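Think of it as A, B and C in the order they're written, each chain with its own count starting at 1.
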Amino acid sequence: MPKRSDSRWVDWLVIGLVVWLILFPVVVVFLYAFATKWFPSHWWWPQEFGINWFRKILTSNNIVTAMLNSYLIAAVVTLATIGVTFPAAYVFGARTQGNNGSFIQLVEGFSNIPLAFPTITVGIGLLPFYAKIGLLSSFPGVVLAHMIMAVPYALRAMVSSFLMVPPEYEEAARNLGASRALILRKIYLPLVWPGMMAGGIFAFSWSLNEFVLILLLGYPNIETIPVQVYQFVGGYYLHPQQAAALGLFLLVPTLALMFLVERTVKSSAVVPAGA
Amino acid sequence: MTDKTKGKSAIARKTRTLPEADELPVAGIARRGFIQTAGTAGLSLTMLGFIGREEAHAAAFKPDLTMEPNPHPTFGYPNWFPSWDEIERRAKAEGKLNVSAWGGPETKDHFGKICAAFEKASGIKTTYTHGDWFAAQQQVLNEVKDKKEQGSIDAIFLWGKPFSNLMQGGGVWEVPILDILPNGRKIAYRPEMGRFVHDMVPTYGTFVPHVNWQDCYVYNKKKFKREDMPQKVTGVLEWAKENKGEFSYCDVNKGGSGHTWVMMLIYELTGGYEKYAFRPFVKEIADKDWQPLWDYLKELEQYCYKPGTYPQGNNAVAQLFAAGEITFCPNWDAVMAQGVIGGTLDPEILGLFVPEPGIYSPMDGFTIPVNAPNKAAALVFLNYITSVEAQMQVPQVIGAYPVVTEAWDKQTDKEKNQPYHPVKDLRAWRDLGKMGARHGEYMFHMMTQWVDKIARKN
Amino acid sequence: MSPRRQLGNLLLIAPLTIFLLVMVMVPLVIAMLSSFGLTTVAPGLPGHFTLQGYRDFFDPSKPSLQALWFTFKVTLITTVISTSLGLGLALFMHFRKIRLNAALSFLVKVPLFMPYLVTAFVFWVLLYPRGYIGIIFEIIFVEFFRLAEEAPALVADPYGIAIIVCGSWMRFPYAFVIIHGLLQMLDPSLEEAARTLGARTGRIVRRIHLPLLGYGLLSAVLLNFLALFIAFSIPFVLGASWPQFLSVFVYVNAKDQGNWLAGYTTSVVYICVALAIAYFYTRALAKARKHA
């Protein structure tokens, strides 16, 4: 085994480099958020720090409502996405399935389409439809629109997990007379949990970041933080400091949340499946 | 009778200073007796006066000759026509209001504050939504198309193109609201100031201007003197030849400072303002006559900063300017103001002026959608934001000019002397001086062509 | 398969099917019809059949094909870079037996949770000529190696450098997370057996890991590719005036210029290209599934 303590520094170097690469842009966000005076001629470091931008944002944005909206929508999108995709991922992915019929294959292929949907097209496609059925500027409307992009992501992640589960497990359980629902719950659920987490996390982060659809379909009742960030970053109105400060309202809670998830999942680590 | 002679003599006095006056049908107009008061005569003079704008300027046209409010306003109203008092009563009864606008952080700040102040002053619950121009306009159009009688927006902030879209889509409440507002009289009586046209889109009085951004020539005053800079709009090419790599303008589709400047070049290079002003859009003119413009921009490109790349937006240019990468660019007063206020631009390097004959800049403002649920409240709100007190906020918060000139006159000297305001005497320069408007349709056409003609390499 | 089981399968995919039918078919059909001018959902659509949109799109003198090619090129480069970074890191950690502890696993995912727009603008301020990377680049490129008189633009540049850099940063954790997860699930006895037989690391990776990772790796590649292919925030903030990313092209055409016919046509072509990619991908998957 090439594991000698004297080469440990290589590990540290590589990991350190990766961590630095990841954190550097994040640090810059913080710098911009707190820099109240930073002339480009003084490029290496801001000249003055302060919390002016935060004060400004707190007075001029409905920041609390926007945050609540952001997280609530993302959470509902995640749950609904998993609810829709988990059973389907079993059908598409489990190795006990053998060859699926052509209809099922068609559905699986079709589920990829939204991955190639420019959001502006989805938005303008749904706008007249929503206007007809009265979903415009409503919470369910926005959630459904977000699921369009979240579903294929979650589906892919979960299908790969189902694929990793050895078929013998299900066969054994079936021989013992277990029902499908029971098999799904007792055998697959713990085993594909990582895939589900991955899918859920992607659905969550996608929804949390999305702004074009909310702008088009949620306006004016539903506003989230990315929509507010967009107003500081769009071509016309770039404002790095306020965008950075506002971005922190999304970034910091998300990272805190992810850290917690990371810890819970780890402590209940059922992960190693294909042993 | 006395009125008539007064009118005539006023015209005569003005025409004397106009060399070309003999060719103008002024006398004929007066004889026919159509125009009786000095104010309207002056107005028609300015419109005709584009022929000799310098001279029209000298002719003492006083658009700020506003009249005092009628002391007995309600006398004239039959009971089926709501007086202003009645409108205010109804607004109170409606009790709420949804305002929609877009713009940079400073605009958001501004409207947030003004809506809060209005709510406090009027007791009408005011919700402000900051969105983007496209989404809000599209929402109204979709509601209208779906025949939804109760819309979701009461007052909507627009630039020329969405205003035109909304007008054509039947989304505007076609009532001359500007003339209903008591404070509407405070806006200088000039056609370009949203009275008749918004970016040359006819308004029919349905539009209330609010803020006057001014596109300027911005230069690094540590490196250059004002005299070194191009004095005319079209002088940029020559200057850029001498100072290679020092000039840049933003992608015209990503920032108004770019397309407003190029619009001015269209006026100057392809036949003059008169050719376009107050005239409908004719695509053939653009196809046929714009070659000098494209040649100019194409030639300019090779002397620009990092030729072939264009900064993506007003702030991107401002950032390059602040960084000393470029020393000269067209940009908005408000954008430079935010640089200074936000601590990213050293005010010591900021020089700013408007070249000859001007860079005609927009007056963006509000209209009321046809399906606005709270129209009376919207009227009261628009009247409030046109008051001198509210207008005084425009230069202070946004860094642009107010449309009510009195609100500029009342600013402190410190505010007037901020380096990002190109002109101190707004009244003489804007209301009484040379002024024009962008032609929205031509400008828009140019924007759709620009990538193909200039940015894209073939 | 028994008919009962088949019925059960249909029931299991019913929610997904209904969702796809309503929420995906509707915008898809509207986009399709509109691209032929058959609807009036957006301003400027004629309301009768026309092929004008497609004629314009495939006209080589018009910009659309250029935009498509540029998008494909930039996306491909970014996918290769981001997936290689993710794969390399995952394999490195696997071989060096570095445990992915909570802190590290969390750190790696940070780019996934940065608001896209904030990420894009951070790279803008890093890469623009007076940004940290811009200045370092200029020092190396111009002052040290004297490769050119003037450093080329790194943002809003015609080669899409900024999009590639930012996209790689954003998407490499995705590849890493998937591949690392798969490596964990891998049967360690295979590797040990190969080592006992004296195989070198490179050979082990080629003969054991890559085939076994096949499905997951392909999946990561495809999702990275498609996510970047339709990315909007990054090219919107970092892209040049020309060439334009296809998503920005749709946005500019439709929203800024009111040319909805071109917007819808481009969208439909966009979707067709992605479908073609998805088709080849499904075939590759079928093969990978057989190997796994």
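Operating definition for what follows: a contact is a pair of C-beta atoms (placed from the backbone, for glycine too) under 8 Å apart; a residue touches a chain by one contact, two chains touch by 3 or more.
Remember, predicted model here, so these are calculated numbers, not experimental data.
Student: Which pair wins on C-beta contacts, B-C or A-C?
Tutor: Higher C-beta contact count between the two pairs: A-C.
Student: Would you mind checking which chain's C-alpha centre is most distant from the centre of chain A?
Tutor: B
Student: Indicate the whole-number Å distance between the mean C-alpha point of chain B and the mean C-alpha point of chain C.
Tutor: Taking the average C-alpha coordinate of chain B and of chain C, the gap between them is 42 Å.
Student: I'd like the Å distance between the centres of chain A and chain C, where a centre is the mean of that chain's Cα atoms.
Tutor: 15
Student: Hey, what residues on chain C touch two or more of the other chains?
Tutor: 124, 130, 237, 255
Student: Among the residues of chain A, which ones contact at least 2 other chains?
Tutor: Each of 40, 43, 127-128, 230, 234-235, 238, 240 in chain A touches at least two other chains.
Student: Show the residues in chain B shared as contacts by 2 or more other chains, in ascending order.
Tutor: 251, 253-254, 312, 316, 319, 323-324
Student: Where on chain C does chain B make contact in their complex?
Tutor: 43, 63, 66, 124, 128-130, 150, 152-153, 155-158, 237, 239-244, 252, 255-259
Student: Give the list of chain C residues in touch with chain A in this complex.
Tutor: Chain C residues touching chain A: 1, 6, 8-10, 12-13, 15-17, 19-20, 23-24, 26-28, 30-31, 41-42, 89, 92, 95-98, 102, 104-126, 130-132, 135, 169, 173-174, 177-178, 181-182, 184-187, 201, 215-216, 219, 222-223, 226-227, 229-230, 232-233, 236-237, 246-247, 250-251, 254-255, 260, 263-264, 267, 270-271, 273-275, 277-279, 281-282, 289, 292.
Student: Which of the residues in chain B end up touching chain A in this complex?
Tutor: Where chain B meets chain A, its residues are 98, 100, 102-105, 108-109, 112-113, 127, 129-132, 135-136, 138-139, 142-143, 145-146, 148, 152-153, 251, 253-256, 312-316, 319, 322-324, 338, 342-346.
Student: State the interface residues of chain A toward chain C in the complex, per the touch definition above.
Tutor: Answer in residue numbers: 2-3, 10-11, 14-15, 18-19, 21-23, 25-26, 28-29, 32, 40, 43, 83-85, 87-88, 90-92, 97-98, 100-101, 103-104, 107-122, 124-129, 144-145, 147-148, 151, 153, 155-157, 160, 163-164, 180, 194-195, 198, 201-202, 205, 208-209, 211-212, 225-226, 229-230, 233-235, 238, 240, 243-244, 247, 250-251, 254-255, 258-259, 262-263, 266, 271-275.
Student: Write out the stretch or stretches of chain B touching chain C in their complex.
Tutor: Where chain B meets chain C, its residues are 134, 141, 161, 165, 169, 245, 251, 253-254, 306, 308-312, 316, 319-320, 323-325, 444, 447-448, 451-452, 455-457.
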